[in-house]
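Consider the two complexes below, in which subunit A is the common component and subunit B and subunit C are the respective partners.
== the complex of A and B ==
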């Protein structure tokens, strides 16, 4: 039996006092961080507060920060968390208000699911089936990863956008929304994609930082779901936003020169069409970029295409050809998908 | 002489030309032979894949096929490029997917066989060049400097793709480099977080709040400068620093160095040669501190 030091970030709401407290715990091989918290509570300080229930990584209650990263404390062994004999630092989840010690107010996190209406909306004009609503195994396979969420909040706790923006829907709710967008039994696919594209704090506010993918104890891959939602939203025609203009502008630079054209990108993201039609908000956005551009000029970072090394890729015609081929293949695929869709609709009776 | 297929990435050829020149200077000094992939395309940076994931994979398969054809390891100098290349390499281990993608490379007479292991200059310096060789080249140990690492998301996540289990030293590669060069590491919460650059044109407020928060945290913990392997982070942390300071309402004055600039300084190369004059946040105070 070995001793392990735990440093716990505590908060006492009665005195509004935040402090760190150190505890030494005797640990056995295989002992988890949660076991250790229980040992502290039972033997050393009964006032230590934390959430827990199943102890089998399925209820999602005991997610907290261990050495700065959110994880399920019942799934994390002391041996794995202890680095070179250093103390293990345990703190509450991030991006949410602390109620007491390791207990946070999860309402902000859970409210995002309600905002995204993440429940099944069946086809109303369809007779309910005699037994359950069914779908094909292949269909389920495509989004099954997103169905394994246990709402532990680890992804939301580590999300870099939620850290600066309360309005962001967050990885878990977006992954859940994806799950219903992909579900062939759901009737609101189009409305969902529109909402997720246009809502402030929707899919285009994600930074692609992979924090959620790393934090998730169930391999939900929330960020991958968000990225797929972007592709689906563009395909569904929800293109009038900065994110899509940024994507399209980026593509056009690479198609033309094989390189990103970062000088044109801000203009393209604001939208050349918006600027030409005298959209005031668009012109204000453009003005906001001016000081930055002047700074780049002053520090001799803004080079003309002619001054730049490697401004154009050799073999640009090959890159252009690839763009054309992929476009043609996609069109071909769309035709196939339409045919499949028609067949599918016949099979399920008219949807 | 160790030879590499070298992909500079668009920003090193655009708004961060000092990254390109400092890389060449340092590579020459370390005896690395870089064969530049001049016909390769932008990795897509995860932005092409927003709507066209398949196209992004084709472009990256093409780049990797070029390195493979030369039988050289692939070197990137941008965290984002490494991350996107590695994600593509991971997907292209699937033989059926590779066959489909290779149809688009066949007209050019190339094929991707799935063997490329894309790496960052930072990893290559530690894994191939090695600590002994770096030590032998240090003429100006950076003992006076307190440096904060700023990794860029794709050099720390997802761990699966970066193969941290097989290469545990990659977890703290920047701290290792800082210590080898004689400086002291300043650790802070933001060092592995997002700089905000990917959403600069979508949500400037959020983007600059991220950059400002990390800069302020590192500065208040005593960092003289940050060092980053990612030129996109550099753009948000350096070029946008005055705006980020306004957004978070703090005074910020923290120079941001590229990895090869830091190496070059410790190896005695001239600041002009490393492009240290091409920064938005002035680097003079930092250079004075090490007596340059």
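== the complex of A and C ==
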């Protein structure tokens, strides 16, 4: 029987003391990190606190950081976590306040679902069918990955946006919102797309770092869902918002000059039209960019007008070709809007 | 004192379905209390499906479903309850579907259905192999939509009953360590099963029979506790569930000779015989030396006959579980499995409206304002052995019925109250554990208890082993009086909760064993080597175990009749149960 060292980040709420503590545990082949935490709790130190319940990766209780990454401790083999015999570091999830040891306050994460109203809103103006709504296998298969979320919070814990933005809805709530946008039984598709486009912390705040997809112990693919929501929102005409303007400004800059145009981007994001019509809020948004712009200027990150020439003619031609090719390609997740509408009708009609 | 009209303890399928029903009356204040966040409830671990005779895949009917259920339960099933369960099944499924449940679909876009053990038609509606998760999620979403108050991570300590009227609950806020009284005109328990007392189990750490024991301590007898279902396909060692859906999709079970031994035990159904029969067959093969792996304590389940594409599509969780928890890829190799304690057929006796009552006493409720549903209850729709996919159905159908049962009476119930004296037991219990300074350890006693129950009150039982089992359980109870715990803090003290839960496990283990010793026959999940046959003349009846009074040495056993009076058809007469 081998021994494995665990270094656990602990927090004692009674003394408000944070510290690391090391434990040695006898490990058998097949033993998980959760088994090891239980061995510590039951045989060495009963004061160690953590959440757990099902121990087979479905209840979502035991997500924590193992060697710096969020994962379900029940699903993580000691052998896999212990590289080269190093100690295994175990700590609480990120982006949430620690209550005690490995227990965090999950309300901040779970409240995002309520904010995004991630539940089915049935059609008010009609009775549901006598039997089930019909949903094609292909339709179900398209979004069902997003329904496998076990709300463990691993994605939120490791989300780089949630780390800096309290308002961010986060990967899990957005993926769940996507699941209802895609579900033909839901009556609030339009309202959802509008909310997700315009809400502070909605779909446009994701930075596409991919940490959520990496952390997710299931098949949710939150970032893919967020990207598809963006496409759907634009298709649905929700374009008059900061996120879309930023997105388009970013693209037009690259297309025109072959590089990011930091000078114009804020103006385009806030909206030239809004600025020209004297929209006060828009001018305030511009003012908010000023400190950042000054910092960029000082560190020579913001190009002056004289430096904004960008790519040469050949380069621009190539860039244009890339854009054309991408535009010709259909997004792999793209849904044919017309076909969706037809299916929608059938589904609502039930049998 | 906190106050609600209706308080539901437990946030699995039964509890949430009941809460949803009660919340349809906007004049009522309903709350759910659970020791885990609702989304962590163990209903979410159910994998294979939820039964209902939708007839989407093949012709089916509720009375065929009812017959399968009655026979599957070895005729200990109350037929009024099985009738309700199966007749109301389809409308409950459609209701879940209308709420947005992510059911898998067939080629016509309807809810897909597949085969399951003991069911003669393909009637398991499923969401891949995470059906419980899909239903649990959708019920929680709808509760959020309704804005139902949830006491999340609150631990119920004590059920308060005065003069046969339920007053409410004393509960412990796990976050703050505060003990609070919560009064309610109606309380419902949907607190789940009691499988944690066995070493090899599919059950979550949380499945410690808390509600069952609280009811028992409040003077309510427990029904049919000796009937514990061992699921035939637990992962070797950990007992983690591999869904019966694997067999429904066509997996084979073989012994060390590579022989599909179900041929010898249930040739008509092979691997799709009911769970008690397959589990006993496995145990017999293992005991005859035909087990596999170095330990010879398991048999093989081979998924490869299903085919890779279908495994990936219909059984993704089974695939992942075998890989992550046993290090075996079912696409390449068979998986070692063994019987694992899975489902508690017994529980708090109640009628088909969820009202807790002692059967056979002319219908009058024993305790006003107390309801139960789901695995914690014993209606009894499962009798001596539950069929796969009937548990989710029971939780939903009976949860809804209990909700309606509450709606029917709650407006006529008087407000209740809980005073300091009523809280004394709960306060005393917590205080005792926080200050106890004995030398015994919770973890050690619990491990020994689980060994004892598994080895001496398991798949097969006999008088001598059961008596040893009982005596060992009593020893553990004695040692438990002399424990101490490490954590004396007030914030998220899981050490304290472990101690309280062990107290519950010790108490109900005695009830299971006592009932098992007395029942000198074999029926469903209760298999006696010394009494291998079913004995309808003496034992076609439910066990009721009362908590010992002063001077009594153990639970007092009484018995009541099995209901044979369905409303809409003739009862199914007792027959020999062969497959």
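FYI, the second predicted complex is superposed on the first by the 259 of 351 C-alpha atoms of A that agree within 3 Å, B and C clash if a C-alpha of one lies under 4 Å from a C-alpha of the other, contacts with A are read in each partner's own complex, and residues count from 1 in each chain.
Throughout what follows, contacts are C-beta pairs under 8 Å (C-beta built on N, C-alpha and C of every residue); 3 or more make two chains touch, one makes a residue touch a chain.
Since the structure is predicted, the reported quantities are computational estimates derived from the model, not experimental observations.
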{"item": "Which of subunit B and subunit C A:180 touches, first, second, both or neither", "value": "second"}
{"item": "First, second, both or neither for A:207, with subunit B first and subunit C second", "value": "first"}
{"item": "Partner chain(s) touched by A:84 [first = subunit B, second = subunit C, both, neither]", "value": "neither"}
{"item": "Subunit B versus subunit C as contact partner of A:30, first or second or both or neither", "value": "second"}
{"item": "Subunit B versus subunit C as contact partner of A:144, first or second or both or neither", "value": "second"}
{"item": "Complex interface listing, subunit B residues touching subunit A", "value": "8, 10-11, 13-18, 20, 36, 38-42, 44-55, 58-59, 62, 104, 107-108, 153-154, 157-159, 189, 193-194, 196, 198-199, 201-204, 206, 209-210, 213, 239-240, 242-243, 277-280"}
{"item": "Residues on subunit A engaged by subunit B in the complex (per definition of touch)", "value": "68, 160-161, 163-165, 204-211, 213-214, 227, 230-231, 234-235, 242-244, 246-248, 250-251, 253-254, 258-263, 265-266, 269-270, 288, 291-292, 295-296, 298-303, 308-311, 313-315, 318-319, 321-323, 325-326, 330"}
{"item": "Residue ranges of subunit A in contact with subunit C within the complex", "value": "12-14, 30, 32, 41-43, 45-47, 49-61, 75, 77, 99-101, 103, 106, 110, 113-114, 117-122, 128, 130-137, 140, 144, 147-151, 179-180, 183, 185-186, 219, 346-347"}
{"item": "Complex contacts: residues of subunit C adjacent to subunit A", "value": "36-37, 39-42, 44-45, 54, 93-94, 97-100, 102-111, 127-128, 130, 132-134, 137-138, 141-142, 144-145, 175, 204-206, 237-238, 240-241, 316-317, 320-321, 324-327, 441-443, 485-487, 489-495, 498"}
